[in-house]
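Chain IDs A, B, C, D, E and F follow the sequence of writing; residue 1 opens each chain.
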Amino acid sequence: MFPILLLLLPIVSALVLLALPGSISKRVALVGSILSLVMVLYALNTLRFDAASANLVYNQIWLSSLGSNLSFSIDGITMVLLLLTNILMPLIILSTFNREIHKPKAYLTFMLFMQSALVGVFMATDGLVFYIFWELALIPIYFICLFWGGEGRQRITFKFFIYTLLGSLFMLVALIILYQHTTNHSFAISDLYAAGKSMTFEQQAWVFWFFFLAFAIKMPVFPFHTWQPDTYTNAPTQGTMLLSGIMLKMGTYGLIRWLLPMVPEAVSAYSNTVIILSIISVVYASCIAIVQTSFKRLIAYSSIAHVGLICAGIFSYKAEGIQGALVQMFAHGVNVVGLFFVCDIIQRNAGTDTIANLGGIRSVNQRFAFWFLVIMLGSVALPLTNSFVGEFLLLNGIYQYNVWYAAIGGLTIILGAVYMFRSYQAIMLGTTSGNTLMFASLKKSETLVFVFIVFIIMVCGIYPKIILDISALDVLKMIMH
Amino acid sequence: MQLTNRSKQVADTKMTWLERIYLPGIFKGMMITLSHAFKKKPTIQYPEQKRAIAPLYRGQHVLKRDDNGAERCTACGLCAVACPAEAITMIAAEREKGQEKLYREEKYASMYEINMLRCIFCGLCEEACPKEAIFLTDRIVPSTTKRKDFIYGKDKLVEKMDQRIDVSVRQTNNLAEFKKNQSFAHNKL
Amino acid sequence: MEIIKGIPLTSYILLCSILFSIGAIGVLYRRNALVIFMCIELMLNSSNLLLVAFSRYFSDTNAQVFVFFIMAVAAAEVSVGLAILMMVYRNTKTTDIDALNKLKF
Amino acid sequence: MMSQYLFYFLTFVAIFCALLVVFSKNPIYSALFLIVTFFATAGHYFLLNAQFLAAVHVIVYAGAIMVLFIYVIMMLNLNREVEPHKSTAIKIAATVCGCILGLVLVAALRETEMSAISEYSNPGIGLIERLGNVLFGAYMVPFEISTVLFLSAMVGAVFLSKKSIH
Amino acid sequence: MLSPEIIYKIILILAVFTVTLVVAMWSTYAERKVAAVLQDRLGPNRAGPWGFFQPVADGLKMFTKEEFIPGTADKQLFILGPCLAMLTALMTGVVIPWGGDLTFGGHSYKLQITDINIGILYLLGVVSVGVYGIMIGGWSSNNKYSLIGALRASSQMISYEIAMGLALISLVMMTGTLSLGEIVHQQDAGWANIVYQPLGFLIFIICAFAETNRAPFDLPETESELIGGYHTEYSSMKLGFFLFAEYINMFISSAIIASLYFGGYNFPFQHSLGLEGNALSLVQTFVFFCKVFFFIFFYMWVRWTIPRFRYDQLMNLGWKTLIPLAILNLFITGIVIGFRNGFFQ
Amino acid sequence: MNEIIIVAGLGILTLLAEIFNFKKLLMPVIIAGLGATLLISILELQGSISNSAMDANVLSMLDFDRFAKCFVILLTVIALFWVLINYNYFLDESSRADHLALILFAMVGGYCMVSYSNFVMLFLGIEILSIPMYVLAGSKKNSLRSNEAALKYFLMGSFATGVFLFGITLIYGTMGSFYVYDVRAKTTATEFALTPMFTVGVVMLISALSFKVSSAPFHFWAPDVYSGAPTSVTSFMATFVKTSAIAAFIRLFYTALPFVPDNFSRIFVVLIVSSLFIGNIIAVFQTNAKRLMAYSSISHVGFMLIAILFFTQATGVKALYFYAAAYSITTLAAFMVIKIVAEQSEGNDNISAFNGLVKRNPLLAGTLTIAMLSMAGIPPLSGFFAKYNMLFIALSQGYFWLVILAILASLVGVYYYFKIVIAIFTGVSVSTSSIQISFAQKIILIILTLLIIGMGLNGWVFEMI
C-alpha cells in the first residue's frame, strides 16, 4: 500500500504539474512533496506500531518469465532513507522559490520523477526492480544536469553518466549471477540472499566486486570519484542537492541492503580492502578539500570524505557502524543540502564561489552568517549536531574493527574542521570585497529552508534516538542473520 | 485542287480490331505479291534484246567529217565552254600545207578528249558547235573496268569514213533553223 | 556414360573447389564491377556442378531440382544486377568499383 | 574410358578458361571465356547424365545471362582502357587470399570419402520426367514462390532502367 | 571399332551437312529468283540455265574478294564472329528427322542424326547461343553501325526467344515429349500439330522470322539505317559466312516448322499409297523437303511483301503481344489438356 | 502459408494498381491487407484457424511452427508500422507502386526465411528478400550515394549468396538431403562425426548468413548501404530484413544443425565480440545519423547472436525474439524521426541536423531520446530487457568474459547514443522553425514510444514464442 503510494505520488504530482500553468508549478511541486512527506510520516507511524503490517509491503506478479516481481517493502533501514528523501525533497523544491529557472515545469517534473525513482530504489526487494529503479534514477538527474547545468555540461554530465552506468551494468551482471544460483529462479531479495550464500567463494568474490563497483562509483569512493567534483560543481544547485543529498545514499544503502548480507564470505574477506579504500578516500578527499579554491568544490570533496567514513563504518559490519552509517547518511544528506544551499546563495549574490574573492559577508548579512555557521558546525560534527552522533557511532564501529583505521579515519573530523572553518573564515569574516558588498538579505523562502535544516540538525543532534530507533531493530536483525 | 482521281483520301479513323491484328492485311499483301509472280515479266534481256530508243536519244558523241572526209572541227573550244560537266578538252593546231584533205578549216584539234565519266549527255556541245562537227548519237558508251578507258580521244570520237554515222535525225530543218537563230557569243563579235 | 565408375566423386569436389576459389580470387582481384559479377556467376556455377555431381553419385533428384532453382535465381539476380550496373554507369560513366567512394566514414 | 578422357578434357577447359576469366584484361574476353567455362560445365552435366540441366544450363547461362553481360559490355563500350591500373600489392594480396581459400578447400575436401554412395541404381534421375515429377510434387511450393522472385526481379529491373520523371 | 551404326551416322552427318550447305547455297539463288518473280522481274538467268549456277559464281566471287580486317578491329574476335555464326547454324540440323526409317540388310536406320530426348531444349539452346556470332562480329568491328546492329540483334533475339519458348512449351505440353523424332512420329497417325496449335504456330513462325533476322525483322542489318548492321565491316569469305549462316538458319527453321507443326516427313494418306519400307521413306523425305522448300519460299515471300518494323514496334510486338499471346495459348492448352485428362470432372 | 499468399497477392494487386489506375485506393488496401495478415497470423498462433494447405509437400518446404508464426507476426507488425510511417513517402513517389510491390515481395521472402524447413526455401527466401532490397537501395536513381549503395549491396550480397550456396552444397554432400529435419536426424545421430566437408560447409553457411545479418567481420556493406539508401528503405533494411535474417540464422540451428553452436562456439564468439566492438567503436566516430544507426545495428546483431549460443533452451529463442522485437520497434521509431528531421533540413541527416530538436518539435525529440535510451539499454525501456536477456543467456552458459566485453561495448554504445541525445537537447539548431508533423504521424510516434517503454515492462512479447 505505502510503497506504491510513495512511488506514485511524485509521479501524480508531476503529471498534475504538467497539466497546470507554469506560474504555479513550484507550489504544486511543493505541495506534492509535502504530501509524500506526510505519507512517509504516516508510514513511519505504521512501522513503529505494527512492523509486520501488510501496508508496508507491496507485491505484484510482473515478469514471471524473468522471475521478477514488483515487490517493495519498508523496514527500518529503508524508512531512514525514505524519511531523508521525503524531508529533503520539499526543501530542495523550496530552494527553487525566488529563483529564475528556465522551463521550471520540466525542471520540477524531472525532480519529482527523480524522487519516485529514489524511493523505488530504497524500497525495492526484488533484484531486477532494484536495478531498474537504480538506473531510472539516473535519467532525470542526467537531464537536469544536461539542461540546467553550467559550462561544458555535455562532457561532464556524460562522464558522470558513463561512470555510473558502467557500475550499474556490472551490478546487473552480479544480479544475473545471483539469479542463476537461486533455486527457484527468482529475483526476490530473500532468494538472492540464499543464492549468494550458496555460492562458492570465487563466485561470491565476483558478485562482491561487481556490486561494490556500482556502489563505490555512486558514493563515490576513491578511486572512482573522479566524476563527482566536476558534476557537483557543474550541476544546477538543486541537481547537486539531489546528487549529494539523496543519490549518493543509494550507494551506501546498496552496501547495507544488497551487498553485506548477500555474499557474507566475500564481504568478510574483502572488507579490509574496502575499508582501506574508504579510509584513503577520507584522508585524500579531506586533504584535497583543504586546498580547494572553489567553495562548491570544497563541499563536493568534503562529501567524499564523509561518505568514505560511512562506507568504512558499514564494512566494519558492526551494529554501531551500520547504525552510525544510517544516522550519518541522514545527517550528511541534510547538512550537505544546507551547505549547497548556502553556496547557491553566495554564488547568486556574490556571483562567484571562489573563496579568495569572498569575505565579510557576515557584516552585510548577519542572519545568513548564522544559518551558515550552524550548518557548518553540523557538518564538522560538533557535539549536539546530527553529524556528531553519526560520526561517533561510525568511528566506534571502525574502532571495533581496527583501531588504526579508526584513528586515521578520525582525522576526518580534524581535517573537516580545518577546511570548514578556514572557508567560513574566508567567506564570512574579514573585510568585504567588491563581490560581497551588495549581499542581499534572505528571502522568506530561503529563511524557511534554513529554519528547517537547522531544526533537523539540532533535533537529531540533541535527540538522535528518533533516527536510531527506526532502524535499530532491523540493523540488529541483519547483523545477527 | 484535284486533277486526277488517283489519290486516295486518307481517313485517320481508329482501327478496328480486325485491322489492329494486321493478319488480314498481311494476308492481303501476301496475295498481292503472290499475284505478281504470275504477271508478265517486263524484263528486257539487254544484250540480246534492245529496248526501242527515242529518236533524239543522246548517246556517245561523234566528231563528224564532211563529205570529203575532212574533219569539221575547228577547235574553237565552244563545246568545251558550253559543257556543264567540263568533260571536253582539246588542243588546237594550225593546219599545215598538204593537210587540206584532212581538216576542213585552217585550225584543227590536234587533241580532242571527252571524259565519258563526266559527261552527262546533255547535248549542249552539239548545240554550241558552230561547225556542226560534234553530234550525239544513239550509240551507247560501252563499260570497261578502267577509268582511263573512259577518256575518249579522237581515235574513238572521229567517225571513220568507212563507217559513217548517220546523224540526219539531228540535222532536221527545224534544228538548222533553231541554230541559225541562236545568238551565239561569237556571232556578236 | 559410365562416368561414375571411372571418376571418383572427389575429383568433382576438387574441381568445384578450384572453380569456386578462382571465382573468389576474381572477386577480390578485379575492380571492374562487371567482371566481379561474372566471377560471382562462376562461383554459383561451381556449386551447381557440385550439386549435380552429388545428385549423380547419390542417385538423388533433389539436388538437380535445387540446381534448377539456383539457375532461376541467378537469372533474376543478373537482371537486377545489370540494371543496377547500368544505372551506376549512367551516373558515373565507369564500372570501376574503386570509383565509388562517396560513402566513406 | 572415353568418358574419363572427356572428364579430364572438360575439367582442363573449365579451369583454364575460368582462370582466363579472371585474368583477361578486357571484360569482353572475360565474358567469352566464361561462356566457354559454362559450356565445359554443361559438358560435365552431360557426363553426369543430367541432360535436362545441361540444356537448361546452356539456355539460361550461355543463352540469356551471358548475352545480357555482353550486351551490357557493348552498351557501356567497356574497352581495355577502362580498367585502371591497380596496385600490384592489392593484386598479390587478392591472389594470395584466393589461393589460400582454394588451398583450404582442397586440403579439407581432398580426403573426402563418400561413405554413403548408393549403388549406380538410377540412371534416369536426370531425365526430364523424373525432374518434372519432383519439381511439381515435392518442390511445388518453391516453384510457386520463385514466381515472386521473378516478379520482383522484373519489377526491379524495369524500375531501375526506367527514366525517372522529373 | 567402326560399327555399321557409326559409319552410317558419319555418312548421315556428311549428307545432312552437304544438303544443308547446298540448300543454303541455292537459297541465295532462290531468294533472288523469288524476289524477281514477286517483283515482276526475271532474276538471275545468265550463269547456267535460268541462272542456276549463280550461287557458284557468287561463291567464287566471295572467295576471291580481298580479305580485309579493319585496323581498329579486334582481330581474333573479328574472325571468331562469323565462324561462330556458321557453327551454331550448322549445329541445329542434328536433331531434325529428315525422313522415315531406312532398312539396309535387316538393319533399320533412322534418317535423323540423333534423336535426343531433349531435342527441343537442344534447339532452344543452340538458337540462344546463335546470337554470339552476330554480337561478337558486331562488337569487334569497332564500328558504331556494327555495334548498333549487334545490340539490336541480341536484344531482338533474347526478346523473341521467350515467346518462342512459350509457344513451344504449349506444343510440348500437348505432345508430352521433347524429342523431335517423337513429335513427328505422333503426327503420323493424327492431324498435324498446326490443327491443334494454330496460335502457337503463328507465334512460333513470327519468332522464327525474328530469330533468323529475316525481314520484316531484319533490323540488325538494315541497309538503309545501319549500312549493313553487324556485317558492315565484313567482306569476302567472312561476310559470306554471315550470309550463309543466315540462309542455313532459314533452312533449318523451315525444317523445324515443318517438323513441329506440319507433320514433318508425314503426308496425308501416306499409308494408302501402297508404298513400303525404303520407298516410302524416300517419298517421305521428298515430301519433307517439299514442305521445307515451301517455308523457305514463304520466308522470301514475306520478305518481299512486308516492310520492316520500326525498332519500338518490334519490341512492342515481342513483349506486349507475342508473350501475352503465348501465355494465353499456354493457358488454353493447359485447360484443354486438363479437360482431356479429366482433371475437371 | 496464408500470410505468404495474402502478401504476394497484395504485391500483385499493387502492380495491377499501376496498370488499372486505382492508385488512390492502394495504400488503404495495402494497410488493410497487412492488418488482415496480422490478424490471421495471430489467430493461427492461437490455433483459432488452421494454416491452409499443409500437406506433406508444403510441410517439407515451409513449416509454420510456433517459431515461424511468432516471427511472422513480428515481421508483419514491423511491415505494418513501416508502411504507416512511410505513408507520405508513397504518396509523393512517382513510382510508388513499384516500391510498394517490391516491399511486399520482400516480405514474402522474409516469411519464407522464418518458416523454411528446407534449404531450398531458405535460399529462395534470402534471394526474394535480397533482390528487392538491392533495387530499393538504389531507388534514388540520380543520387550517386544511392547508386553506390545499391551496387555495393548487390555485389557483396551476391558474393555471399555464392558462398552460401557452396556451403549448402557441401552440407548436402555429407547429409544427402536438403530437408532440415533429415539433416537434424543425421547430425544428432550417435554415429555422426564431423567430416572436413561438413565443417567447411557449416563455416561457409555461417559466414554467408553473418553477412546477411551484417555481423562483423562481414559487415562492410552495412554502413555504406544504410547511409546511401533512402531513409525509408534503410529503416526497412534495419528492421525487417535484419529480423528475418537473424531469425533465419537461428532457425538454421534450431531446426537443422542443433549441435553446431556447441561445436563451433568459437566462431560465434568471434562474430559476437567483433560485432559488438567494431559496431560500437566505429559508431563513436560517425557524424551521419544513418551511418551511426548502421554501426549501432551491427552491435545489436552482436547482442542478438548471443542467443545462438543458447538457443537449445527456449530462453534463447525467446530472448532473440524479444530482442528483435524491441530493436525493430526502436529502430523504426528512430528512423521515423531521422526521416522527418532530414526532410526538414534539406536531406541533411548528419547528427548536427538534430541540434536543438527539442525546441523544434518536442514530440520528435522525446521519441528519439526514448529510442536512443532504449538502444543504449537504459531500464526500464525495452532495449534494457532485450540486452538483459542476452547477458543472462551468456552468463548462464558460462561466457563470463563475453558478458564483460558486451558490457564494455555497450558502454561505448551509450556514448554515441547520448551524442544524439545531447545534440537534441543542447545543440544550437541552424533552423529555428518548428517541424510540423501530421496528426497521424503524432499518433504513430506516440504508439511507438509507448511500445518502446511498455514492451519490456510487460512480459507477453517475451512469452509469446
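Annotations for the structure displayed:
What we mean here is this: a contact is a pair of C-beta atoms (placed from the backbone, for glycine too) under 8 Å apart; a residue touches a chain by one contact, two chains touch by 3 or more.
Small disclaimer: the values here were computed from a predicted structure and weren't measured.
Touching chain B and chain C at once is no chain at all.
Taking D-E and D-F together, the chain pair joined by more C-beta contacts is D-F. Relative to the centroid of every protein C-alpha atom shown, the closest chain centre, again from C-alpha atoms, is found for F. Averaged C-alpha coordinates put the centre of chain B at 49 Å from the centre of chain E. A separation of 53 Å divides the Cα centre of chain E from that of chain F. Here the spacing of chain A and chain C, counted between their Cα centres, is 66 Å. Distance between chain centres (mean CA atoms), chain C to chain D: 5 Å. Residue positions 52, 56, 64, 68, 73, 75, 105, 109, 112, 116, 138-139, 142, 146, 149, 152-153, 156-157, 160 of chain D are each in touch with at least two other chains. Not a single residue in chain E touches at least two other chains.
Chain contacts: chain F has residues 120, 124, 127, 131, 134-135, 138, 141-142, 170, 173, 176, 197 touching two or more partner chains. Listed by label, the pairs of touching chains are A-F, B-E, C-D, C-F, D-E, D-F. The touching residues of chain B, when paired with chain E in their complex, are 26, 29-30, 32-34, 36-37, 39-43, 45.
Note for the complex: chain C touches chain D at residues 1-7, 9-15, 17-26, 28-32, 34-35, 37-39, 41-42, 45, 48-49, 52-53, 55-62, 64-65, 67-69, 71-80, 82-87, 89, 94-96, 98. Put simply, chain D touches chain C in their complex at residues 1, 3-4, 7, 11, 14-15, 18-19, 21-23, 27, 30-31, 34, 37-38, 41, 44-50, 52-53, 56-57, 60-61, 64-65, 68-69, 72-73, 75-76, 78, 82-84, 86, 91, 93-95, 97-99, 101-102, 105-106, 109-110, 112, 114, 116-122, 125-126, 130-131, 134-135, 138-139, 142, 146, 149-150, 152-154, 156-157, 160-161.
Remark: chain F residues 119-120, 123-124, 127, 131, 134-135, 138, 141-142, 144-145, 147-152, 154-155, 158-159, 161-163, 165-166, 168-170, 172-173, 176-178, 197, 223-224, 227-228, 282, 285-286, 288, 291 touch chain C in the complex.
Those residues of chain F that touch chain D in the shared complex are 4, 8, 11-12, 15, 57-58, 60-62, 94-95, 98-99, 101-102, 105-106, 108-109, 112, 118, 120-121, 124, 127-128, 131-132, 134-135, 138-139, 141-142, 170, 173, 176, 195-197, 199-200.
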